[in-house]
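Report on the following structure.
Going by the order they are written in, the chains are A, B and C; count residues from 1 in each one.
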Amino acid sequence: MNPQLFPESIVRTENLALHFDDSKTKALDGINITIHKGEWVAIVGPSGCGKSSLLNLIGALDSPTSGELYFRSQSYSKILDLSLFRRQHIGFIFQSFHLIPTLSALDNVVAPTIACPGSPNEHKERAKNLLVKLGLRDRLDHFPGKMSGGERQRVAIARALINNPDMILADEPTGSLDSINAKQVLDIINDIREKKGLTVIMVTHDPSVSARAERIIHVCDGKIEHREEARI
Amino acid sequence: MNVLSFALNNLYHRPARTSLTVSAISLGIAAVVALTSISWGFEASWQKANDARGTDLIVTRVASENAMPSAFLAAKYVQPLKNQAHVQEVVGLLSEMLSVSDNAPPVFVFGWAYGSYLWKHLRLVKGYWPSNDTEPVVVIGSLAAELLHKDSGDKIEIEGRQFQITGIFESSAVVENGALLMTLTQAQQVTDKLGKVNVLNIKMDGRASDADIESFKAHVRKMMPGFVAITSGELVSNNTIVRISKAMSHVTILIASLVGTLVVFNTMLMSITERKKDIGVLLALGWQQRTVMKLIFCESVVLTLIGGCIGILVGIVMTFGLEHMDLMRGKIDAVFSVPFLGAVLGLSVIIGIGGGLYPALKAARMRPSHALRCE
Amino acid sequence: MERAWVFLILMAIGFGYSAASPLLSAAETVEVMREARRSDGFEVRMKISTVEPDGHHATPLKLGIIGQCNADKEHLLIWGISPDTVRHRFFAAEKSADGRIRLLKYREHPSDGITETDPFTKVFDSVIIWDIFSPWWNWSKQSLGETKQIAGRSCTDVQSLSNTISSPIREVISCVDRDAGLSLKTQLFGNLHTLIRTITVEQTVRKESGRLAAKKMLITGADGSIITAEIYSGDEHHPITEDTFAPLDAGK
């Protein structure tokens, strides 16, 4: 890792562990990783190895059984309102898109801003701009059921960006897409990362997808197997 | 978009469930509106009749389960009551519920002292008033005329005697509009209750204070055992039928509230179970727990408010329908006041909050990671 | 110590038994019923509906009854109110101390002619004067039967047996609500315990004394006829003058 390229750590874990069923199942055990601002990290591993669990912990969707998580220098355990934390710093992209089927594309992107500070019209305008930038100018009023997989994932990307997050957490973002749409989505993610200096942490089991990342972390049976350093 | 528009959108996209829930709430609210307005209206109608006549208090036997208090000889009480401070007039009244024709339901027949102030508030729309105390004549309320298909100049049989209808009148009190009116002497003769009345109307002078009225009431309690001086509304409110009617409306309110809350509870619980993934996504994207709760409460309260508004309309229509039924005509005068309807809407909101409380808490406390794993 | 406990237990049983046993004897119950009937003067008006044995509904009637019932005399006056067919028709009846009932019928003016008639026949094809007098409460043979529930009210059977062999009614069983002073169901039997008719109280109204009076009654005959009598107006203190029952004196 070149400290000049990635000077600031954004997420750091110390002996992070996640156990279920009274420690009978160890989804994660003794994870120690540091992710730097602006990095594109892929977490790879076989099915059930704990990569999605790690992503959930980083995204504050779950609480660890033991160990510590830090966002910049703040411990996750000291954060009073995790929802607010997620809203301010994290954007999620899911394999199944998870768009709300009864909302239009525009409303899906606006949804995370409801009850947030700021004018609803401003949020709407920003959402519109994001969708236009992602090539969905003609799809603003369309419902997810009437859109292709690629279009839906682009709406999900816009939704992840609406609150200007510091990190994008993507769980198998191309898992439901064909190769053309998958490439398109990855290009968009990379483009946004470079323009906005976002950190991208992506879970995938697809080597062709993980190859796009600058660093790959291999997880197996809840432990870090090995790390591949960034390719410059 | 805001929480309310999001909630409305959710309800709009589940039309079957929304309309079923709204229907259930509206039926319950309609029943509450109809029964409560009728039971209040019955009391209010008698009170209105007294207020319209200008009577301040009535003296009557303590009524038990009878529809009207039993008749008593008026003569020995009139003068002693007139001698009380601030009492301007003491006028007897006899009323009975009698069937006056074979096919019609029973109607009120009032006997008012001839020439007394009781007659002054009525408006004669046709014919003429009784001109003396001895003629077997009767005037009929406009509603009663319609119900009995009678007109001025017709004859009518009351307790085996033929009476001439000399006129048709209107009164601001529905209970009088649906009644037949004759002089007290004629009423006493036809019911064989010579010299008897069941109510003495007391008119006080304008200088009587509340304390004077209380003093009069106390005097009656002391000097006339078994009698009471009360307002007409109080008399009717002690009536068993009115008490049962009010109790029924209270029970209906309770049952409608419970059923409404359960219906909303069930609807919202099913709704959040179906939308577990959506709620999980919103929580993951940064929605706070209180925003999720606001959304669920918005949906439940909108459901019950719409149901409440429709229920009020249906209840009003139902009540008008009942008022115009032959059996009930002239007997009920439903009361719809703005505060009452406001209270009904308030009840709808409470039902919405009550029914939505547990589902809102459950939704807010969802763990996003678990919710997102749901199919 | 043991004997004291046994004594206390026996006392408790005895107390419980006495609490469970009837408070009034047959004679006391009969006296309650006689007392409940007493009146210095009453007037009731009732609506009568009859369903004949063949199912035909007779024209409803309205009748008025004035009565007086005290220790030494009982009188009744019944007249037709409506329809026209019953108007201006009167019946006057009295019951003497020895239990004999005399029934007279006449038109509007007694001078038109007074006829004595059988008190066991129906007046206006509906009510039977003999029943209204309830003479069985003066019979010497009275006994208590079981306690039952009728329409949610508790009542005790009182069997009254007549000594008069020629009487069409030889036995009456009344289910008496002693607190109300009212027989909720009265069965009248002829010879050999043949049921002649049943009078059932359907609705009641509270009198000034606190006792109950029948507001609506059903009279079911052995022939299948059903008569409904419903009181729509009443006066517990109807003034009785010398002229009220004058036809009874004129008929003597």
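Definition applied: a contact is a pair of C-beta atoms (placed from the backbone, for glycine too) under 8 Å apart; a residue touches a chain by one contact, two chains touch by 3 or more.
Nothing here was measured: the structure is a model prediction, and the numbers come from that model.
Strictly by the touch rule at the top, which chains does chain B share as contacts with chain C?
Chains that touch both chain B and chain C, as defined above, do not exist here.
Among the chains, which is located farthest from chain A on the basis of C-alpha centroids?
C
In angstrom, rounded to a whole number, how far apart do the mean CA points of chain B and chain C lie?
39
With chain centres taken as the means of their Cα atoms, state the distance from chain A to chain B in Å.
63
How many angstrom lie between the centres of chain A and chain C, each centre taken as the mean Cα position?
Comparing mean C-alpha positions, chain C is 93 Å from chain A.
Residues of chain B that contact two or more other chains, please.
none
Can you tell me which positions in chain A touch chain B when the two form their complex?
Answer in residue numbers: 56, 59, 61-62, 81, 83-84, 86-88, 90-92, 94, 98, 100, 102-103, 107, 110-112, 114-116, 120, 124, 159-160, 163.
How about chain B: which of its residues touch chain C in the complex?
61, 64-66, 70-73, 96-99, 102, 106, 157, 159-160, 191-194, 196, 226
What does chain B use to touch chain A in their complex?
Result: residues 1-3, 6, 9-10, 13, 277-278, 280-289, 291, 294, 367-369, 372 of chain B touch chain A.
For chain C, which residues are in contact with chain B within the complex?
43, 45, 47, 60, 62, 64, 66, 80-83, 87, 205-206, 208, 232-239
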